[in-house]
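Structures given as structure tokens follow.
Here chain A shows up in two complexes: once beside chain B, once beside chain C.
Coming up: the complex of A and B.
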């Protein structure tokens, strides 16, 4: 102001723009004042934090345990008052001013059609264009770092026992494959690691293996290996693994209006309905998502974006600003499109004209952190709990999924007795138990001396002190455990058996 | 269903528990519920005056409401309390109360008086001589004077109040009586009320007064009413199943750990439900047998359950099975 040469004007009051009522993550949402408040809350609190974009400016130097980065971030077509302030400070803003770099925004502009598509986008799922994904849309890379520590002998001073010193090194390990490691115990840069490989080789002088192994869901290519020491007198090493993820079925996406959805189907470009100009949608969202959620802001954003992409001058979508629906429709009409954003489309498979018009427009979509690859659970047989011999619970430890009491009730209601038996017995903890038919107690398997000098291992009933009449039954291991625990309390269970 | 709603059942100022708390009361077979209501059908149901008469008979009337005065009379020879009844008011409300009835009611009440302490002077007056020694006379007199107006002279004392409810049926106005409180037997026996069409929403009371089949029907009606007032309709068979399950042992058992204990006698099933150690210890002390028949026990012991497809086992008929002999064939046949 002072550089203009005039004396500074004194202000007593200043009026703030109405959109300053909202915070940053909310004021970026276009037409937020047209949306239901709950959807605006979802977007600004949850989805903007879970969106994948550019989280730091120095990703090559940092070693975080888990980061994501979008390959091709794009600036949305619309602008708001507050999103302009993300640009370089000190420059005058406006139509000729500097707009913020696309890395500030965590999304990409996709052509969105509001249509049903073969029934694959029901209940909040989306149908996406496989060809645009193959061209790199919404592709992201994920970096995961593994840390390991080793004592630094010089810093400690005293000499510990020779066998206990742990070093980084490569040794033949029984717990995993060491093919990708160099001699110093670290993998070479660019090595492709999969589950079951050893990431950092650590071994003690005595031969005990402390290596770090990849879990069964993790894999990637080695990006960076860092060796350093920290103040506690320990050397530590970090290995970063990089993974590129193209969107696959089950990955979560969201528009900027709280309309989240999961990818339901990847359709080829030639099967989509196309417009006169040959434009094919990238994302097809179900129209049922709009009535109960009340987010006309997304439709206005798509209509405004269409006008801007054709060179229109109306660009601001600030909440509480005065861009009216009439202005948007006029802009579209001047650009040569239908006023209300509808398009005449033709069937991609048969080429016939579709009688109803389809609403299409560019909308800013975000890819969220919840991906199906991180959540998929599968197991055939695997680790069991040592006490009850039932499958363990975690996904990390290759565990199973709980079949709870209510699920059991559902199978009972269907009368599916064999299914329930299989689920809760055969696939869980089936085992055998010995019962003595004379005294009806449980008979244990012990090693006993036999006349003749040898020792045999076999079932033996201590009450009757004989081996005749002992039968073997199939019971869950939990039942055998219950019987033995009650026996230790002084309650004995007697079993009546019959020949089957 | 929202958690707690009060629904004004057609009559202003009448509260009925609805929603989840009511379903909990029904399913737990609660002995005391928060709003017990008896719906009584009148014998003559289109006359408001007769309805009022029956209401007066059912409602709790205390001595203080019908007595014109309760006075302490102290003469040189004796000191007593004289109760004068307000006959005009009694006639107006069509109750039949006279001094004799009042005397019986006072004797039945909690005040410690004996036959000889109360003297009926005439149809309207009673004289009550307090017992005890002369030194505490004043105290006795005053305490009696405070306690006498609370003696119930008419109606049942478990009834809090009765309300006349107007319903429209076939373009005709009909009245029925809604009685808040328990005491179904007394209400059914009241003159002017059709006992065969009177019902209550308190299931334990219905079981006690009318019987177990009526209690079963009452459970079904109550659940239906609660669900209907939230706009939900359930097929009646589900409620019939629940009501049958709760009443099949001859008394109404709630779905709580006490009720389940009385319904089933399988040790393993009860031990897997609640109070594990107690059931196991008691069973071992009494030497109980558990036939592995129910679903929980079959799952514990690893046997396919015996309902649904487990109801039958398949046997295979093998015709002319070969008798195999193990060993060498005989050289000489």
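Coming up: the complex of A and C.
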């Protein structure tokens, strides 16, 4: 300060650190000031919400509809000013000594290599080390709760009709298996429930089944059964199902720099490139993720992380007040690594030295809640929509995947007419209707009297009042429905038919 | 090419040998051999690990799967593993893994009865076979504080919580699950051959020499304090990071040093998880590799494939000649 002769200015407010202009989820991003603003927003608004961590200290007494918990959460190697200010390491019980110190990071430190791996990390997918996952990396526990309620007879006062009382209890159900249920209608703790099983048995005195069944996508082990009542005169029960998930193909992961990707391949440890020290990456990401996204912060994080892991003293990655790149490179150099974080690796399949150096370093990675197990959709035959008779779209109802306009265009462009016909007609809402060739109108199937007192059923043209020259044509049910709806509005469609 | 033998006689020289650590040189062979050895050590040397867990009581904070996974990762002394059977091809039992040829049973009973947190560790696992027990690190000559060492922690119990279970350990290989991998680290490097261009080096000033020597992150070169010459102190410290070569180029002196990787000699570093000794790991790996080669040699498929190859070879020759006839 060159304020000679000037009296010291009195401040009323003071910014303690430059990163305090950011919110919590943003100020804990390492080197956020080196990243493109959009990527920082992705992390702080989206991925920080979706990351699986250890969000509560009392998971065993909670009953949430759907929660996730990471098996082995880790604090990242770097530190930021904000995460320190909100609870300094070394005070494990926080400042008031009762509540444990909160953790703001939901991730694990993975050794990340920036490299191609047999093309399995193209287009933002990533390759993971299966051995690391088998050792517990990114494993998570998922708890889902099912709730059911019945009327409380004592609280209600007046007795309802005998037949209508619904009670918890086991009964031989037609809608699903009840093998794991006890007589009270609840499964025993530790029961392994598969899709389609009954979670909570509930039935009326009359024998009407009100049981709650697992959807075809749901399964798990019974974690707990809670019985309770509320003030509205209802008794309710909650059954929590637990599932442990190891990462599998299609699960989503993200670094702290808005670099999300899905798991594209699980590779065994021995097939990965290894360094002279025998270090093998846990994750391999594609170098194409960086140039257009402009997130050098991730590379700085990896380089700094490597220095810290080797015992370096530079540990802060606070946005806006970070150490210079030279300091990071010097720290790496002192630790015996190449300045720019590159390492010589050997091909794990052949044992040959790889010509180019590979950038490698520990990076904080998050597992996001989007998991392929919750999203897989497949079907061969299944339920159809009652109105259109086309397959339903809903995943919960075992629906199909839409074959839309773009896909149709694609097949047309290929000239694959037979394939298109099969996809849009045979496998969808194939149907038939009758056309009178004389008047070209639809001929409906009706029941009509014939001379002789009998009634016969068959296609009959009411315009021509004849059964002559009526043909049967294959049309999509959707088209037939359209004709009928138009007909009801007084618009008749005419059909030119030809023998094919 | 008749009579030409490609057989080589690789040499192994052990440099350092501890229970869980081994450093050795492998010479007169090529990368395929060295890498096969590395891969087999990581993925195919069998060990014993807990595979089935039957939980009787678990009121701890960790769920059953969590504890089962942690149990599986505990290294067990597996000197017997090579002679044991895989439970899938064990004839003595019906595959439930309860016979002495293919499995070992463990019991764990722990209950916390006072206010102090009870650590359930691998020492609480009682084995039915005294040769297969959780690895004990406390008596190893490592520099850890041995007084506090109480095995590998499985779970912590507070007052009133209990854990009771029965576990069956089986033989397996690292390819099936990482818990069966006996190797913590297996790596090798090509032995470097460093030639300093002394003539060019002499054109550098002492300051330039120092900065060049210091450009290597590892201590490969040094300056002789008497002669002020750059000397190679430890060629094996070189990690092939190319830093010195780039530095020389940046100084305008390309070719200051030439570094080759010897294609036929390797320096291995092997660290074991403790399941088997590092030396035994290497011997077992060679044994497994031999078995694999025998399997290839004896398999009828290879004989058939060879015959097929000969037949196809002829046919393609025939096809070629017809093509030639045409033109």
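Basically, the second predicted complex is superposed on the first by the 395 of 500 C-alpha atoms of A that agree within 3 Å, B and C clash if a C-alpha of one lies under 4 Å from a C-alpha of the other, contacts with A are read in each partner's own complex, and residues count from 1 in each chain.
Everything below uses one rule, namely that a contact is a pair of C-beta atoms (placed from the backbone, for glycine too) under 8 Å apart; a residue touches a chain by one contact, two chains touch by 3 or more.
Because the structure is predicted, anything quoted here is derived from the model rather than measured.
By the touch criterion defined above, A:474 reaches chain B but does not reach chain C. In the superposition on chain A, contact is made by A:71 with chain C only, not with chain B.
Legend: residue contacts after superposition of the two complexes on their common chain; A:242 is shown touching chain C, with no touch to chain B.
Set against each other, chain B and chain C touch different numbers of residues in chain A, with C touching more. After overlaying the two complexes on the shared chain, residue contacts for A:353 are found with chain C alone; chain B is out of touch. Of the two partner chains placed around the shared chain by superposition, chain B is the only one that A:415 touches, whereas chain C remains out of contact. When the two complexes are overlaid on their common chain A, residue A:491 makes contact with chain B while staying clear of chain C. Chain A uses no single residue to touch chain B in one structure and chain C in the other.
Across the interface of their complex, chain A is touched by residues 280-281, 284, 295, 299-311 of chain B.
Considering their complex, residues 408, 412, 414-418, 420-421, 424-425, 430, 474-476, 478-479, 482, 486, 490-492 of chain A touch chain B. Within the complex formed with chain C, the residues of chain A that make contact are 60, 71, 130-132, 134-136, 139, 141, 190, 221, 223, 242, 244, 268-270, 274-278, 332-339, 342-344, 346, 348-353, 357.
By the touch rule above, chain C contacts chain A in their complex via residues 31-32, 34-36, 38-39, 42-43, 55, 61, 63-66, 69, 73, 174-175, 177-179, 181, 185-190, 217-218, 239-243, 261, 269, 271.
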